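Heads up, the next two complexes both have subunit A, just with different partners, subunit B and then subunit C.
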Partner chain A sequence: MRSGELIRRLVLVPPTLFGVAVIVFVLLRVVPGDPIAMMIPPGASEADIGRLRALYGLDQPILQQFATWLGQVASGDFGRSISVRQNVLELLLARLPATIELALLATMTAVVIGVVAALVGILLRGRRAEWVVDGGIGVLLAIPDFLWALILLLLFGVLIPLLPISGRIDPEIDLNLRSNFFLIESILTGHFDIAFALLHHMILPALALALPFAALVARLLKASLAESEDQDYAQIARARGYSRPNILLHEVFPNALIPTVALGGVQVTLLLGGTVLVERIFSYEGIGNMAIDAVINRDFPLIQGLVLTFAVLFIALNLLVDLMVTMLDPRLRHG
Partner chain B sequence: MTATLAVEGLKVAIGAANVLRGVSLDVQPGEVRGLVGESGAGKSMLGRAVLGLLPANTSVTAGRIAFEGRDLLAMAEAERRSLLGRRIALIPQDPMTSLNPVKRIGRQIGNLLRHHLGLSKRAALARTTELLAEVAIHDPQRVLALYPHEISGGMRQRVLIAMAFACDPALVIADEPTTALDVTVQRQVLQLVERLRLRHGSAVLFVTHDLGVVAKICRSMTVLHAGRVLEEGETTNVLVRPRHAYTRALLAATPRADRPAEALRPVPPDLIDQLWSEAYRLDQVPAVGAA
Partner chain C sequence: MSYLSRRSLLQLVGGVAALPLASGLTGGVLAATPGTLTIAYNVNLPSFDPTVGLSAVNPTIQSIYQAVFDPYIGQAPDLSFKPGLLTKWGWNEDRSKITMDVRKGATWHDGSPVTPEDVVWSLTRAADPKGGNPIQFVWAKVGNYKIDGNTITGDVLEFEPTLFKWMAFLTGYILPKAYFEKVGAEGFEKAPIGSGPYRVDAFERNAFLRLKAHPGYWDGKPAFETVVFKFITDPTSRVAEMESGGSDLTFEIPYEEFDRLKAKPGLAGQTKPVSDIAMIFITDIDPMLDRNVRLAAHHAIDKKAIVDRLLKGYGVPISTLEAPGYAAFDPSIKVAYDPQFAKSLLAKSGYSPDKPVKFTIQTTRGFKPKDYEMIQAIVGMWRKVGIDANIEIYEIAKHFELRARHALAPAAFYNWGNAIGDPSTSTGFAMFGPSPHCAWKGKDLVERIGPLWGEKDEAKRIAGYKAVDKYIAEEGEVIPLFQYVQPIIHKKGLKVVSQSNGMILPQLVTPA
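Coming up: the complex of A and B.
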């Protein structure tokens, strides 16, 4: 991706976000159920309901509401959550780091598992044991992340209670950190006891998110490795006296990585989407978990803020993937 | 004197079909032997068998391949690998697909030198620069830092030739190294191979369709058809007094400057039919039976 392309992509970000904003705004107001209905006590008078509606601006025409909200968002004000009664932006900033850390840990775990599985699989290529690897990958891929969450929770939380099954960290631990990136900050500042306690809580949800993604990475990478190994340059490397593991690692792997990152990188968005249910199952305090509460309570401002946040994450991820592919493939760098 | 390469009674089968049906051929030290024959004759299979590059479903069912007297098929994997790329080298057919697309030219050559000759990074770089200059690349420093897609096909073939001769091989197998190039570049590449093999004292097994090229650079030649050697000998003898009808037909089908175009005759179809039906008959004899 050359700089021209990068600029073009960046220019497209605001219109994309605007489109997302329109869709979520309209959908929320077309679908039945509104936040006021969820919060009024039984027996409230029509006048009370009307006052509440006016308070949140819900008595205005949709276009008017949208214009008001958009103006506020543009100036960094996402409004107040109706159900939690806090500033939406503050809520997001408090919770987003938890989700980012979980997704990062899950992605890294998945990449390690996936790359190892693919390399083992390709080394066994053509032998009977290759089927074992392919079968294992198939099983991992067939079970979705939330099911893994339940399985892991039952196995390591209930049957063999090795690991905590809820929350981000034990409440009695004094964090005393400056940012909300607890894990990253505690590692960077050398508070490894805290990092360890955090990881203890994150292992199960991260693993649940990682396993299907690891299988995807393994399958993509193994297929690309097989394809690259059949190319002339890899065959010729054999005629130059390099051993097969050497060729796979040094000649084939750098080539196979390109399609794997291009196709697999975008799939991290699926993993991010998976955080919604998995965070819920493990009562992990990230934005995914918060999204479910927001939807149950029809908390319009919070839902809108969350959807925009996810949209920004997805766009950033796609850009990042394209940048990485460009770095890996010299043919894209020089056109 | 031990032959650099001695192939004896080599039989190679793909599934039930015999691709090579008992091929014998040798290449003496410093000799250039042409290997000709129509498409599908098994020329590349022979080269691949020597280099240990036979496709997965292929098997050698009989015969011996000796390099400087040592049986390549019988020796340990590690020993064979130490010969390949160092003592036995390959100039591939298609320069566009034969270099690793994500590695710089300098690194690809340098790795080979470090792998086989144990050179340091610095020494490998110096030697790489020399090698590129040797294949008439005028600005080696610049080319070192380029990726394969940034240079032309002719240039890539030069790089591949430099890699083939990098470790002073005793034998170079060139499988139609000029077919993928255009005519003017073909001639330059041929001259280059000729110059380098003289300088490095390498023997060459030169696979080609082009009898003109054989006449020019090969001292001896072997005519292959349907996996068998039909004729072999000194190039001048074979070309001037071809004994086999197929060789005569092949010669007649080759365009020559001293002969009018209308005299060009294709290889007679009934001759090819006859040879192929014979080959088919040979296929009915089980390939493994001979082993």
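Coming up: the complex of A and C.
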């Protein structure tokens, strides 16, 4: 990506976020179910309901509500959660690191599994064993992440109870960390007991998110490797006497990586979306889990904040993927 | 601060690789910690202030609140009321004043004493229209409090017969005046203190709440030093938690799983009917304006069969909105299952199985156990007598909004909780036209229930509600189905006191 293209993409970020904000704001108020209806206690009169509505600013026209909220957001104030009764931005910043760490671990796991599966598959190309690898990849891809979550939960939580199935950390452990990036901070500061405990809790949800993604990486990479291996440069290298594994790793792999990163990178956004259900199933305290509660409670300010956060993450990820592809592909770098 | 070296990175990688193995060799990391009671809890705790906002009116969260905070008045497992931080309470002769005695010797979790000033401040804050207490309209009915020693008196601004009953339930908690004023609402959310049997030790939102026993609790230190509420909202995950040994107790799981788990070695199960009933709202629109249709719809339902077949027997069929144990429960009011009678009623209005009356019934799916399946069964029973009902599924949030707008379908499934067991909070609010919770807005009930709101003679008030319940049953203006039964699964070796209001109070769990 050239610098001009990068600037163009960055300039488009604010209008994109504005569009997302408008859509989510209007949709929330059009779709049936509002927080005050959930809050009305037995015996409340119309006046009591009106009082509650006014207290949360929901008695104003939608346009005015939107203008007020947008003004607040522009000054860094995402409002106050109706259900949690705390500053939305503070809540998001407290929980986002948990989701980012989980998504990172899941992505790393998926890349390792996917790359290994693709390399094994291509090495076995043309043999019967290749079917086994392809079949395995197919199974991983056919089962969605939330179903993997339930399978892993029953397998390693109940049948062979090796790993904890809820939370981000053991309730007995006292965390004295400065940031909310518990795993990263505990590793960097040498608190390996905490890091172990965190990883212990993250293995199953990360694996649930990673398996379908790993299958996708494996399938894309294997197809790219096969295509690249058939190219003239690979054939010539073979004719010159280089070994096949050598050619695959040093000549074919870097070229095959480009389409995999381009397509697979976009799939990371799907992985982020998958955290909503997976975090719920494993009671993991990320923003995905919080999003479900926010929707159940019709917590408008929190839902708006969450959607904007996801939008920012998706935009950032797409930019990152494009930058990575540019770095990997000299045609794009110099074109 | 130490930084990651190559050696430590290798240690970490090796350790991670060995995690599952180490867990297996040590018999599992999931074994319960001695002295700790771990509860796999079915909802998250959004907010710590038990008197404001959405959480304050969520009955499911009250167990946690009652572990940390004291209600003004306590409630026994059978729904009767008992001294809490108030040791005495009552009205004067003409119901123009209330008197309350505050317990001596109770302390907040920071060690400071609970004072009558705390009680008055809590009541005044609850009554403030700008304070955000959803039950404000109840608390605002008393004011001008005066303190004399440990006795508080207040002027009744508007008589509310259930005032003291509310003091045992939603938003009826005493908060620490001095501490709250010092830290403010935000500060209180971050570091709450109460006077309850447990103090907050650690809270990871949507993950767990760790409590430690309050050594100075006025009712004695609770049996478990540490209580952990793990917030596990998915029922499958809660079942897995119990099977893996990660938690000591859970509830609100499918009845099939309850039967399976209680048969396992090391686990025990207990059930208790709770103050939560399944019902079908009847909205006063066509074709429900026809009494024959309403009554036929009620008589055509075999509630016992639904309880036995769909809920595995865990339910108590009822005929009114008063369940056994409620103050106005009248066992003599019965609406029998009689499909022939239902047919004859419909025939009077010109309907038959060949020419059925048609309407929509709304229901949630998965909000309560077997809710959708239950409505499917009911629709099947209705079809046999001449009612052709179309099922519409909605979210519970939509139900609330439609109900508040009086826009529900002719029939709508719901569950109605009444933890204080008073008829005003069941028949009263569900059937009194001006109430936003009421689907039947007919004048007949407005005229009958209206005078009971301010009735000062308690016996007369309860008798009045019984008469209203009888009238409603005869007119078919609501279809009560059954009382829910709460399944609790716990490890053997624990004694759990089931509460009729459905609360799971850790202070009432002891080693057997």
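Please note the rule applied: the second predicted complex is superposed on the first by the 335 of 335 C-alpha atoms of A that agree within 3 Å, B and C clash if a C-alpha of one lies under 4 Å from a C-alpha of the other, contacts with A are read in each partner's own complex, and residues count from 1 in each chain.
In the analysis below, a residue touches a chain if its C-beta (ideal position, glycine included) is under 8 Å from a C-beta of that chain, and two chains touch if they have at least 3 such contacts.
This one's a predicted model, so the numbers in the text were calculated from it and none came from an experiment.
Placing subunit B and subunit C on a common subunit A by superposition gives a fit, with no clash between them. Here the vertex is the CA centre of subunit A, and the angle it makes with the centres of subunit B and subunit C is 160 degrees, a multiple of 10. Shared-chain residue A:Gly126: touches subunit B; no touch with subunit C.
In the superposition on chain A, contact of A:Ile40 is made with subunit C only, not with subunit B. By the touch criterion stated above, A:Arg298 is placed in contact with subunit C alone, subunit B being left untouched.
In the superposition on chain A, contact is made by A:Pro254 with subunit B only, not with subunit C. In the superposition on chain A, A:Gly50 contacts neither subunit B nor subunit C. Touched residues of subunit A were counted for both subunit B and subunit C, and C has more of them. Using the contact criterion defined above for the overlaid structures, shared-chain residue A:Gln235 touches subunit B, although it does not reach subunit C.
Of the two partner chains, subunit B is the only one that A:Ser243 touches; subunit C does not reach it. Superposing the two structures on chain A brings subunit B to within 28 Å of subunit C, judged by their nearest Cα atoms. Judged by the document's definition of touching, no subunit A residue lies at the interface with subunit B and also at the interface with subunit C.
For subunit B in complex with subunit A, the touching residues are 51-53, 56, 80-86, 89-90, 92, 94, 97-103, 111-112, 115-116, 147, 149-150, 163. Within the complex formed with subunit B, the residues of subunit A that make contact are 126, 231-233, 235-243, 250-251, 254-255, 258, 328-331, 334. By the touch criterion stated above, subunit A contacts subunit C in their complex at residues 32-35, 37-46, 48-49, 51-52, 55, 81-87, 91, 94-95, 150, 153-154, 156-158, 160-172, 174, 187-190, 192, 195-196, 199-200, 203, 280-285, 289-290, 292-293, 296-299. Taken together, the subunit C residues at the contact with subunit A in this complex read 1-4, 8, 11-12, 15-16, 19-20, 23-24, 28-30, 33, 36, 38, 40, 44, 46-47, 49, 52-55, 57, 129-130, 132, 134-138, 170, 185-186, 189, 202, 204-208, 210, 228, 230-234, 236-237, 240-241, 243-246, 394-395, 397-398, 400-404, 424-425, 428-429, 434-437.
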